[in-house]
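This is the structure I want to talk about, given as structure tokens.
Should a chain be cited, it is by its letter among A, B and C, assigned in written order, with residues numbered from 1 in that chain.
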């Protein structure tokens, strides 16, 4: 992707979006209590079929019919950690994409340790987090807190080390989203500050990545397409919203009605 | 209900709706994590008093003050399965209506088995699901998957067998909702495809049935009234919405303001 | 606060609001499944940084970086009760404000007993509930049910006894909100009946109190400021809403955009 033509990328994003709308891939989410509803609604508006399930007894049946797996550590406890390990093992056996969202890694030792143990057991296809969450996965035992701020260059360096360490795609969300694989990099400037004023937009982005990975076998390209859709929908919704409440409703409406023209007009990548 | 007069039915629905708004029946929900908030909001907009509780230690106290019970298996685990069994036993002793939503039955063995064990222990007053969920309750051990499609005739046949097997009212949701008891049948054509693009509308319908059963002792009639309200509100909301996000907000507004005139104008049953 | 000047109070409320918007205090919520998302969204719209976490292994890390703690007993079970006890002990050691919401106390023995055990172990900074919930904390062993109605005078008497018993600020929500400490009392008439038609507005008020306590060391004043913001935002949102669905979206928008002028124009206290 050294020579990026935004129009070509927008068309490729739209092709994947149509594929999602046609195939309605089943995305299995083991996610946190706060965002289950908003994640399900975002996936439905995108065109996917979300399923939330965490009982160990049914993970095998779910993974057998799912096209991708989201593991999100936002509200952990022992029951859920065990389910995450088992689901990732089953997904690896079935070779479906695994997307990890290390929510709050760095803020507590439990979250950092859990994220690391999950990654070390099974390499995720994609890891998405903010810069401090991603950085914490390289610094075992040291907590950074939730408010750590990294420069764009530092973020890329951190992501690059994680890509190498675990052979996966890494997405760092922020004012500019950075997508990195072993041999490609894309920065996405779309989005809106209003996206940080409702809960779960990061979790939604992670679930979008899982959905695009379900229809596009190139995980790096799929991750970039997901983040472009997320950023553009957020940007359009923010331009129509009076605040975070109306923003959330409009986000689903814009996503549901997203056209290739919207993508072509708004895409802002490099 | 062989000679159905839609206007008479609409008036009867409205009478029950007024009764709900006046009495605010307490509806006890043991439901899934994804839809707890949207179910509570739907019941409040309808005029009911929802309570969500699953600790075994308090089930007896809750059931003693509740007018009906919803059991929804959307996000199972052992703690919750035990609570569902205990709550249904207590509700049966107190003779309050029990409404079962077998979410995902057929998709995993755990869900099919759990739904069957619950039904075999205590016959629910009403079971509501989509066609493949309902069908799975007749075919122990064989999983159908979540995408099975049944013709309208097949759905009625499946529902009829379940009605006979467990002496309960059965509601199959779909483009046309089918309500069936041992000696009555009603088809409801109201609704909108947009209802499938937000999570939990089926769970909401189940909770509506529980609410109407709390004010109308005829479970079949109560179930039809609930599904008519659900379908008409969805239809009106969809006509005003730009997509699934605005649809959800408008659904609650329309429900809260629903008039007899709305019911009379929109009702589409046979 | 014997001589109350509403304009002075409105300005003091606004000063705290700006402080919240500037500092984005981290508020740790151990709350119920129904309202996790709406509480997080309300805190984000207010300007706070919400975190939801209940695993005992990470409570210490979370409390160490949090500026206040919310404990809400809306959907109890053993795992969560243990987490609540531990979190309150840790918060007391770190001397951060603890706000308790005894949801449903009085309706079940488990809830009444749990609320009392929590309070007797560690005195909360503020307790907020409706009149029957608050009253149940004085009447061990007798359940009042969820629909008990108290006169305004009875509510004040009940609150006064709780203030004395546990040396804390007590807020009783209702058509008029009553805030009481050992030496001060304020009644807040702002609000709207529509606030009772969506789930979790009481839980939101509790989380607002925790946020204001994070920036204002006077717990009584902080609690009154939180309830004034809650009431005024609800009142403005209700005036623009078509029903409970649009009310919820508009609530977040109004809160996010709340100005000193709004507070000055609407404040209705005595």
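Remarks
Basically, a residue touches a chain if its C-beta (ideal position, glycine included) is under 8 Å from a C-beta of that chain, and two chains touch if they have at least 3 such contacts.
Bear in mind that the values here come from a model prediction, so they are computed numbers and not experimental data.
Path length between subunit A and subunit C in the touching-chain graph (shortest route): 1. For the pair subunit A and subunit B, the fraction of shared interface numbers is less than half, so the two copies use mostly different residues to meet. The geometric centre of subunit A is 33 Å away from that of subunit B, both derived from CA atoms.
Those residues of subunit A in touch with two or more other chains are numbered 33, 37, 248-249.
Here subunit B touches subunit A in the complex through residues 32-35, 37-38, 74-78, 104, 107-111, 143, 145-146, 196-200, 241-246, 248-249, going by the rule given at the top.
Subunit C makes touch with subunit A in their complex at residues 26, 33, 36-37, 40-41, 44-45, 49-55, 57-58, 61-62, 65, 79, 248-257.
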